[in-house]
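The structure's right below; bear with me while I get my questions together.
For reference, chains read A, B, C and D in written order, and residue numbers begin at 1 within each chain.
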Amino acid sequence: MTSAAAYMLYLVFALGGVGLYLLLPKAGVRQTFAGAIIGLLAVVGLILVLATQIIGPGSSAGFFYLFAVVAVLAAARVITHPKPVYSAVYFVLVVVAVTALLVLMNAEFLAVALLIIYAGAILVTYLFVIMLAQQSGSPVYDRRSREPFWAVLAGFVLMAAVAGRAGDLPPSVADASESATATAQSDQPGNTSAIGAIIMTKHIVALEVAGVLLLISMIGALAMVRKELPVETLEPPPKPLGQIGREVQPF
Amino acid sequence: MFGATEYLVLGSILFALGLVGFLTRRNLIVIFLSTEVMFQGVVINAVAFARHHEHLEGQSFALFLLVIAAVEAGLALGMVVMLYRRKGTLDAEAWSLMRG
Amino acid sequence: MIEFLTSQLGVSIILTVCVLGALLGAVAYCIYFERKISAWIQDRFGPNRVGPRGLLQPIADGAKFLLKEDVIPGHVDKPLFVLAPASIFLVAFIGFAAIPWGGQLQLGDNLVNIQVANPDIGLLYILGVASMGVYGIVLGGWASNNKYSIYGAIRATASMLSYEIPMGLCILVIVLTMGTLRLEQITVLQTGSWLGFIPQWNIFLHPLAFIILFITALAEANRTPFDMPEAEQELVGGYHTEYSALKFGMFFLGEYAHMITASALMAVLFFGGWHLPWIPWTQADAHQWYAVLAKILVISGKIAGFIFLMMWLRWTLPRFRFDRLLWLAWQRLIPATLGLFVLAVILVYTGNHQSPLWALGGNAVILVIMLASGAMARREVTGRQGNLPRTLPADTRGFVGSPSS
Amino acid sequence: MTPETLDTLKLCGIVILLAPLAGAILAGALGPRLLRSHAHWPAILGVGAAFAGAVVIFTQMRGVTEGATTALLPVYDWISIGTNSIFRVEFLIDPLTSVMLLTVTGVSLLVVIYSRDYMREHDHPERGYERFFAFLALFVFSMCALVLGGNFLLLYLGWEAVGLCSYLLIGFYYGRPAAAAAAKKAFLVNRVGDFGFGLGIFLIYLTFGTLEYGAVFELVQQGLTGTGQALSDGRITTIALLLLCGACGKSAQLPLHVWLPDAMEGPSPVSALIHAATMVTAGVYMIARCGAIFTASATAMTVVAVIGSVTALFAATIALTQTDMKRILAYSTISQLGYMVLGVGVYAADSAVFHLFTHAFFKALLFLGAGSVMHAMGGIIDVRQFGGLKRILPWTFRTFVIGSLALAGFPLLSGFFSKDEIIHHALQAHPILGIMGLVTALLTAFYTFRMVFLAFAGPERIPEGVHAHESGKWMLAPLFVLSIGAIGAGYLGVAGKPFHTFLAPVFEHTFTAANPAAHGAAHGAAEAAHPSFWAHYGLMILSGALSIIGIAAAYVLYVQQNWIPGLVKATFPRVHKMFHNKYFVDEIYDAGLVSPARNAGRVCVGLDDYLIDGLVWLATAIPRAFGYLVRTFQSGLLQGYGLSMVAGIAVVVVWVLWA
């Protein structure tokens, strides 16, 4: 990456940081409109920087731009939306976009695994919990952020520090034979059996450990949630007005 | 020719967005969602490096990352349910018993 | 132009259009047939006013869905309320992309797949898409802001999450036996016969897996006897209580599309896809247009057969109680499918995975264990029913029922 | 002994140790959940197996006709320090061991069987039922380890382990303050004795460089005969007195006897087993086992004899005025133990062991009988509160009388023969010792039958609200078996003296004329070999007459003319008060030892609270002040920490990537 590209990238990041700061839920004046404009400008700038400085013109990376923009915008909404349900739904969008990006990188098995595990299992449980815990409306703690300025500053400094060096990639460490097989696989998309082979041979210990970890976490979660706990605050939070069908206890 | 740079930039952006969400949001569930966003950034990063080096280490690493994410989700949600039962709120600031 | 049309991409695009069109029609006529079959089973006439023998009834229904006022109640969460049926509709249809409809077709110099896409991970793709189906229900139930809807959604989510596990394990049994995730490849591998008259279909290797897959397919599609989310007597309409007009229609069509996907999957995995028994497609004519057409008809016939079976069950069996539903999944189906999975692993390891004798023997052992444990558990089951609490425990009641914020 | 015999002995030794231990573990581990009211079975089976092993050992030892009768059987290396100091787990099996094992496991078996009914109320187990049996079986294991051990280290191990079991069982009813205090007292008083005992063992190791019995005794012998390393006389005397200190603690001899009467707070079977028949005799066993050391020092032997005789008389006088049945029996036990120690002290170790043997039968019988009475009286054991029980508890009464007659030395019962032997040897050693023994015998007969008459004779008196009933078969059966022992055990010591002959090889080099230190007893032993009629039977007739006189006096005083005791009490108030209050020994200890120690403790507490804690407080003030400053940074909020973490990571990343 040239230094010009890097500086342009920092500029875009700074713009994005300002936009994100404005978008984060805060008390007082709503600045979401300005934040959205600035954030979109930053995304457009990001595309321009990527297109002109990093990927270069002429390259057919259209799908990358599409899914990258979707991923970034959805991720921004995950962290800025005042309703947790929407955060979760936007996160599904992030997962779908990342899945697509993984397909672009020929990691098809991983892509589908990500979709099944994240979108199919993890996010549904998140939604489940959100639905149970918070049926509608957004309480005050969803409408106020904690120290948005310092968080955005720290996060974006970190991002700039890492992304600024992303262009200085080390040369590929693949040796000739591995490279040949990988190329062969990339010619014919689909590397499921190759991944299976490497996981079952080279990373077999890690696989076993992962299985044990899953088992332990399952037992732990069961043991934790089954336990009866004393309820500290019994009175429910005040009800919002104007909700139909919610005044009668179901049982 | 595959260029990994743009994927790495994207990965770092997702990671940082998740980080900011983790630091600013007060809803326990959204905090965990933010960590999952960070995971997505890491997955993209790992796979991009795997593509760059043309081997499968990165992809298998990302697979194990999925396992960790599943474990985290299971335990974290269990804890959230329990905390919610205790206090009737999802506010992370309701749990500051370790204040010095 | 001709060149493009005869390439794989062109064929895929044409196929997409055809399949989508055909499916929409098929789904609409599924509803018609459901009504006809129910009438037949209950000794009634069924729809017979619109068109000859009521054949235009689905079109009239569709027109009604389209033209009715699309009510969006005031208390709902509007964006998600709209998103939910759309997502369920979308998810129900994109799964068809990986179904192999008719083998390969010789088009000029090209040999093209009669399949929208034949990815390396076809089966996983279908699983992944199917796992997204639950979002429509969850979001619809939550967004409706209605306690019946949310109960329906919670039930649906719990049952779908639970039944996805035995479903995935059943599919894994076939994957292990076949050694591939490509649906086309799985179909091709089921060519031939044993002893000259038994087709080499997986149903004859793992009948138990098929039965369990069929059960889970019913549960995944929320069909009777597993249609708890919309149990009318308890929950009005379940998660789609608040929906009307086109959005309701989308939920409705989504359910039938789900049935068709599941049937196609079962046909491919267990009944040899487009194979007909005793008719070997020889190399010479296998890729000719008439062979492909015959194959498409065969697989469509198999799908229709499964759909008929599902409808038959719906009008025959009573509904499960919800806790029994989850009990069945977690305490019977998952152990059984785990056993099948282990069996498949052992068979592959010993190299007997294509031997019906060994596979059927293993299936029989697992079936016997299942039945024995069921018989032993019977007393406990009746006791459990007697001890069911009248009301939910206090903390659960507060957790689920009370409006928070 | 043939190798096969040695193998059998070793196997039996292992069974004797492990079977009760396994019983204890099973009863303790499975009792609370699984066995519940069947928790006695592991203990009964374990102790039964041990008893069977003891019988086998005994028959094997009886069968040895030629060669050495001592077998040292190493089991495994236990502790090895360097290369030359190896402490092994090893068994020493000789006639003394086999007799002790037989006594211990036999009485234990009977007591465990007895406890099955005793520890339940209306056939419903008491709280801690399984705990009781676990401890009891553990005690049997410990006692067998003590007896079987082939070196001083194992002896010490068993010594401490029986002390522990005693503590646990005295405090069995830990909810009662009296029981807890009694357990504590027993433990502490035993610590005093054990401290001396431990020092003695250290000194043995220091002097001889080994703890193995045979080697040590060999070295002592060589030192005495001048064939080996020379020993200073004082060293041996010191060792012997230190060991005696331990024996005093364990066997409740004079300065350290105070714990035993209080130990009666434990359940009656425990009193019968541990505080009458087995554990308290460990001291006697130890002195007998270490005869080579004790007989090497005339001073030590004198001290042993004096302590024994004084304890015997002293405890007998206290027993005259006690009213608690179990305490009377406790003082009687101390008194009889005094006899045994006296016997060892006058070079009559075989007689002492014989008395130990017979005493185990009749004293266990008496305690179990007292327990039966207590069971019937609903836990009341004070003889002033009931009387005339002989019709209510006929079988208890009969067996109790047999035990009492044996204890009183009534002619032709077991106690008569064994006690008579000891008095005989004492008279030969020194007339005063013998006369003290005779007086004690008279008093023994008197107080024993005072108790019998108060409890069983006269008009029926039962405490209010008690439903008195005879005990069940599980309790009566051991009483019958013990009665037979109480009547017949004495005949092993007459008519050819098979008992003494069996034991003779153990003591032939120590408690005999061959021992150069034993000149005083040589004359007596020689005379005993060819006794004239009056020299032998005269004493028998005298002690039998004393016994009958004592019983008759008790009958007169407590049945016929029962106004006399009151008159005596009124006439000699001071003497009665002194006897009744046990010579004020507890009070003296309290004033002389406990109170000063407590006051010193208070001073230490004050120092600790103000001086030491003050210094510590000062030392902590600095970090606390610092902590006060920085605690504001610890918000307790997850994301606060997260923010600082991310800031730090950002700094590090920038540093690493860009600097």
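Methods note: a residue touches a chain if its C-beta (ideal position, glycine included) is under 8 Å from a C-beta of that chain, and two chains touch if they have at least 3 such contacts.
As the structure is a computational prediction, the values presented were derived from the model and not from experiment.
Colleague: Need the graph distance between subunit C and subunit D over the touch network, please.
Modeller: 2
Colleague: I'd like the most central chain, judged by C-alpha centroids against the all-protein C-alpha centroid.
Modeller: Per-chain C-alpha centroids ranked by distance to the global centroid put B first.
Colleague: Can you name the chain that lies farthest from subunit A, using the mean of each chain's Cα atoms as its centre?
Modeller: So the chain farthest away from subunit A turns out to be D.
Colleague: Would you kindly tell me how far, in whole Å, the mean C-alpha position of subunit D lies from that of subunit B?
Modeller: Spacing between the chain centres: roughly 70 Å.
Colleague: When the centre of a chain is set as the mean of its C-alpha atoms, what distance in Å lies between subunit A and subunit D?
Modeller: Distance between chain centres, rounded to whole Å: 77 Å.
Colleague: Quick check: how many Å separate the C-alpha centres of subunit A and subunit B?
Modeller: That gives a centre separation of 7 Å.
Colleague: Cα centroid separation between subunit B and subunit C, in whole Å?
Modeller: 33
Colleague: Please set out, as single numbers or ranges, the residues of subunit B touching at least two other chains.
Modeller: 19, 23-24, 26, 84-85, 88, 92-93, in rising order.
Colleague: What are the residues of subunit A that contact at least two other chains?
Modeller: Residues 109, 113, 121, 125, 132-134, 139, 146-147, 150-151, 154-155, 158, 162, 191, 231, 236-237.
Colleague: Quick one: which residues in subunit C touch 2 or more of the other chains?
Modeller: 395, 399, 404
Colleague: Show which residues of subunit A lie in contact with subunit C when the two form their complex.
Modeller: Per the stated touch rule, the residues are 85-86, 89, 92, 108-109, 112-113, 115-116, 119-121, 124-125, 127-128, 131-139, 189-192, 228, 231, 236-240, 242-246, 249-251.
Colleague: Write out the stretch or stretches of subunit A touching subunit D in their complex.
Modeller: Contact set of subunit A toward subunit D: 146-147, 150-151, 154-155, 157-158, 161-162, 164-165.
Colleague: Within the complex, which stretch of subunit B touches subunit D?
Modeller: Per the touch definition, subunit B meets subunit D at residues 19, 22-24, 26, 31, 92-93, 95-100.
Colleague: So in the complex, the part of subunit A that touches subunit B is made up of which residues?
Modeller: 1, 9, 20, 24, 46, 50, 54-55, 59, 61, 64, 68, 71-72, 75-76, 78-79, 84, 87-88, 91, 94-95, 98, 101-102, 105-107, 109-110, 113-114, 117-118, 121-122, 125-126, 129-130, 132-134, 139, 141-142, 144-148, 150-152, 154-156, 158-159, 162-163, 166-167, 169, 172-174, 178-179, 182-183, 191, 194-195, 198-199, 202-203, 206-207, 210, 213-214, 217-218, 220-222, 224-225, 227, 229-233, 236-237
Colleague: Going by the contact rule set out above, which residues of subunit B touch subunit A in the complex?
Modeller: Touch residues, subunit B against subunit A: 2-10, 12-21, 23-27, 29-30, 32-34, 36-37, 40, 43-44, 47-48, 50-57, 59-60, 62-64, 66-71, 73-75, 77-82, 84-93.
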